[in-house]
């Protein structure tokens, strides 16, 4: 049997001393609230704090917030974040580690940093937005055509809420007598439960959607607390993808929530939302009034214009026919003037050309005869000249021939001292034809002689 | 006949007279026609005016 | 005969006389014709004018 | 008839009238129609005729 | 005979004489003809002138 | 005989004499002929002149 | 005998003598002939000349 052992209290006491010596001050610690364990009766709160990883709980420890601290911490937290402390929420808290022999380890929480949670929430909100955008639904509701005549409204609100009351007050009692039809689909409008509640009513509205032109989410008088539900991804997605336009009038002063961002329109407050709808009616009414005014004035003007045109046309007919006839008259008059003018000119013109012929006729034959006389006279004188010339030339030829004959006559030659010698009656042309002793006869111009050749010399 | 047709025909006649496009032989016939069209248009205008006034009276109530 | 035909014939004759395109033999005949056409046109013009005025007078009432 | 259709038709007619696109022949007919549409649209603005029972019944299904 | 024919013949004769195309033997014959034609044309001109003046006088009144 | 023929023959004779184309034996005969032609032409000219003058005298009246 | 024949024969004789074709014995005979022809030509010439002059004298009158 082992004799050396400690009692439990000895150990726990030892641990308590060890812990209290080691962890003498407070630390800022980050953890998730697994369970809040708030006891309204005592006012104390014993949250289970955990750290999780992919596989599950990595570390767990109990927390203690005493009533006094809790009220202070919660007020500050709500004022800053607009939220309650809720399970699943990651928080940054200031605590001292405490060990109690009967309860074990616990963190005595003296403060919670709301700024840390705020940052966490902002990050979650950004995540929701980017996810909606990634899924291409962020602008889906905005892309719907806003109903031209937004008369039938499905309202998600609370019967007793001030916002709904304000809305009704404006819509039901407008001075112009517009009548809207609306139906309340009651839902929680803040806190974590609001997500499911609103989603449930949206599904109901979807069932009867043909009766409605749009959905209005109205909340009012609730302050800025519990609005984080409107940053919820699922709710925002439902709103964004809703088949008819959703208008929000949530009424708060903090940053726009994701639901408000994806809604077709964020009217901010229920009052604004009511006025917005009324404005739509106003626009229609103004349009109708304008059109009525046009109807009352333009057709009358058109008729008046037509009358005027008709009158002018009548006047034109009167004037134009006068001009027309006047023009025809002028044409006729011109034709008459021209007829007179050219008819009168016609015969004198003919007379003139006749006269020119007559003149020519009186001159031309006389000229002609004179020319003939001239050429006759010319021929006559030519005849005389040529005849005389003719005879003269024949005379010349005759004289010439006479001279030649005279020159050629032998008698004439003999007269110059020549004589012709003959032997036996034959003319001697050389001495070869004669010999010494021949008897020759010489003829002279005036007689003949006979003689004998005595000697021949060469 | 419609007012617009009548009016256009009337205009055509006036233009024809103005442009000297019609012969003298047609003139009196054309002017007779124009006169007829003018009267037709006038009465059409008056009846339309009455109709329109009656309808607009109802509208104001 | 139509006014326009008559007028055109008249003009043709006047032009022929002006241009000396007709023979002397035709001259008096042509001028007689022209004179006739002229008178025809005149009386046609006057009667048309009266017709038209009558129609337009009715219109003003 | 749907409200928007009525309003658009009215608008079309009024624009046509304003732009002088409507002939005189159609004018009274068009104005009659416009008057009817105008009254329809106006009355819709101030009337309440919604069958709540029908909606509730649909909701239960 | 027509004036124009006569005048043309006259013209032909005058041209022939002018161009020496006529022999002396024909000359007096041709001139006799020309003279005849000339007289014919003259009288024709005078009678036509009277006709024309009569017609034109009516027209001018 | 015609004037033109006579004149042409006369011309021919003159040219023949000038060119010595005839024999002396023909000469007096030719000249006789030429003389005859000349006289013929002269008298023809004179009678024609008288004729023409007579005709033209009538014309001028 | 004609002048031309006579003159041609005369010319022939002169040419023969000039060319020495005629013997001295024939010569005087030829010369005699030539002389005869010459005289014939001369007398012919004279008579012709007288005739011509007479005709031409008449012509001038």
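First chain written, first letter: the chains are A, B, C, D, E, F and G, and each begins at residue 1.
Simple rule for what comes next: a contact is a pair of C-beta atoms (placed from the backbone, for glycine too) under 8 Å apart; a residue touches a chain by one contact, two chains touch by 3 or more.
Please read these numbers as outputs of a predicted model, since none were measured by experiment.
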Grouped by touching, with subunit B left out, the other chains give one piece
If you take the mean of the Cα atoms for each chain, which one ends up farthest from subunit G?
D
Counting only C-beta pairs in contact, which pair of chains has the most of them?
A-D
Taking all residue numbers at the subunit F to subunit G contact, is the shared part over half or under half, that is, same or different?
different
Taking the mean of the C-alpha atoms as each chain's centre, how many Å separate subunit A from subunit G?
127
Calculate how many whole Å lie between the centre of subunit A and the centre of subunit E, each centre taken as the average of the chain's C-alpha atoms.
83
Cα centroid separation, subunit D vs subunit E, in Å, comes to 97
Computed distance of Cα centres, subunit F from subunit E, in Å
34
Multi-partner residues of subunit G (at least 2 other chains)
45, 48, 52, 56, 59
Shared-interface residues of subunit A (touching two or more other chains) are 292, 295, 299, 303, 306, 314, 317, 321, 325, 328, 336, 339, 343, 346-347, 350, 358, 361, 365, 369, 372, 380, 383, 387, 391, 394
Touching pairs among all chains present in the structure:
A-B, A-C, A-D, A-E, A-F, A-G, B-C, B-D, C-E, E-F, F-G
Under the definition above, what is the set of subunit G residues touching subunit A in their complex?
7, 10-11, 14, 17-18, 24-25, 27-28, 31, 34-35, 38, 41-42, 45, 48-49, 52, 56, 59-60
Subunit B contact footprint on subunit D (complex, rising order):
23-25, 27-28, 31-32, 35, 38-39
Using the touch definition up top, name the residues of subunit F that touch subunit E in the complex.
2-4, 44-45, 48, 51-52, 55-56, 58-59
Using the touch definition up top, name the residues of subunit A that touch subunit F in the complex.
358, 361-362, 365-366, 369, 372-373, 375-376, 379-380, 382-383, 386-387, 389-391, 393-394
Contact set on subunit A toward subunit B in their complex:
292, 295-296, 299-300, 303, 306-307, 309-310, 313-314, 316-317, 320-321, 323-325, 327-328
